[in-house]
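Here come two complexes built around subunit A, the first alongside subunit B, the second alongside subunit C.
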Partner chain A sequence: MAQLNEIIHQPARLRIMAILAAVSTERQVTFTYLKCALSLTDGNLGAHLHKLEEAGYLTITKTFVRQKPQTYVEITETGRQVFDEHRQALKEILEGG
Partner chain B sequence: MNLSHDEAQAALNDIRQATAQTHNLLKAWLISVLAIGIVWTLAFAIAQWQPLTPIWSAGETILVGVVCSSIFWQWRASAVRFTPGSYRALVYNRLPIFYALLYAFFLLWQFMFDLTTMQLAMLWISVVMLATITTGLLLRQNLFIACGLGITVMSALGYWLVPAYFFVWIAVFAGLPLIGVSLYLLRRQ
Partner chain C sequence: MAQLNEIIHQPARLRIMAILAAVSTERQVTFTYLKCALSLTDGNLGAHLHKLEEAGYLTITKTFVRQKPQTYVEITETGRQVFDEHRQALKEILEGG
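The block that comes next holds the complex of A and B.
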């Protein structure tokens, strides 16, 4: 039986993981896109990303694009596995209920 | 950690919504394919009665491709990128050079040989489809390969079997499939 993950289950973090898992492997999403897509403030999004990064579910890369700072976020293999398992656990709750 | 049925349903709905939103972003490049499909269908259909349109078709396709790709690149570059150093990033950054070389080959061939409008149209389709197939092979996209091979084979069949109706044939078998595939993928969740 698949396990629910408390770190991922928080609504904003769940949607962050869903967006990152939806892009194929070897792809990164910008901080700006996540902020717009999730309607979060810089500080709020940054805190959620930090928590997920600490858990090893995503990596954060800071760089410069056309001389402007840009932050990219990418899901890790562990993050993808944990997210898949969490989603499976949610489905099992529905099937069981 | 325990969740109720409703909480689980709400979480799954959030996942579905976020996933669909991201897929829509990643599918933006299909607008270019749709636009090129429309240009090809119209230009080749008209070429059945106006023999100069294959030349316009080549020019218009490039224009549409460049304009749509620029918009798409600007939009996409602000949202997603391939991981630097990855195989896909390497291929993706070098593809425009390959496309430019193919186009140079097309121009060279056109100036070196005195081509009929039918030959010109066939050459143009072959060059664009070669670019499509190569992209599919390098980025491991089976749809690109299937589409490229299918359109090339059907166009070649029309060239040899129904030369009198070649342009209508390629409007149907080269232009319409691009419209169909792009619309199908744009609408698919």
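The block that comes next holds the complex of A and C.
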């Protein structure tokens, strides 16, 4: 039976991973971009990112751009693999019944 | 933004709805079949079915077949529609990022 990853399956985290997985490796996604794209509060998004980072599915990098703090979020190789497996499991469930 | 239905999104309930939606209208799904297909306990499956029934997504019919109690579960029109919408929303999220 196709296994669903409970960490990724949660709606907000599924969206976060989908956005990160769709981004080409040259582009970087900012915290602010995710916040706007997903209509989440700082605290809510931060908690979800923390959970995904703990699982090793993404990395969070805090830096300064023109003296302003900027946070970048990037999917890891593990994250990409786990997301692909989850997407495949969902596909099997939705199509196979 | 594609909306995910929180009642249906829960892994066990997503599988239940996928099975019910895939079944032709002439065939009936029993409680026992779902229990085996999903590897759930009676109590756990019962709780998920109750939640989906409360939402109006399925009907539960208890009857007797050759003097043995039998429970049938069937998706409603609303359930089918809501599941289709959810499947579409998932597809958009997974493909669009």
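The definition used in the following text is that the second predicted complex is superposed on the first by the 93 of 97 C-alpha atoms of A that agree within 3 Å, B and C clash if a C-alpha of one lies under 4 Å from a C-alpha of the other, contacts with A are read in each partner's own complex, and residues count from 1 in each chain.
Please note the rule applied: contacts are C-beta pairs under 8 Å (C-beta built on N, C-alpha and C of every residue); 3 or more make two chains touch, one makes a residue touch a chain.
Fair warning: this is a prediction, and the values are worked out from it, not measured in the lab.
Student: A:Glu74 contacts which: subunit B (first), subunit C (second), both, neither?
Tutor: first
Student: In this superposition, which partner touches a larger number of subunit A residues, subunit B or subunit C?
Tutor: After superposing on chain A, more of subunit A is contacted by B.
Student: Is A:Ser39 in contact with subunit B, with subunit C, with both, or with neither (first, second, both, neither)?
Tutor: second
Student: Answer with first, second, both or neither: which of subunit B and subunit C does A:Arg27 touch in the superposed model?
Tutor: Touch partner of A:Arg27: subunit B, not subunit C.
Student: Would you mind listing the overlap between the subunit B footprint and the subunit C footprint on subunit A?
Tutor: In subunit A, residues 4, 6, 9, 11, 14-15, 18-19, 21-23, 87, 90-91, 93-94, 97 are touched by subunit B and also by subunit C.
Student: Quick check: in the complex, which residue numbers of subunit B touch subunit A?
Tutor: So the residues of subunit B in touch with subunit A come to 1, 3-5, 8-9, 11-12, 14-15, 17-19, 21-23, 25-26, 77-83, 86-89.
Student: Could you pull out which subunit A residues touch subunit B in their complex?
Tutor: 4, 6, 9, 11, 14-15, 18-19, 21-23, 26-30, 32-33, 37, 65, 72, 74, 87, 90-91, 93-94, 97
Student: Provide the residue numbers of subunit C that touch subunit A in the complex, in ascending order.
Tutor: Touching subunit A: residues 1, 4, 6, 9, 11, 14-15, 18-23, 38-39, 87, 90-91, 93-94, 96-97 of subunit C.
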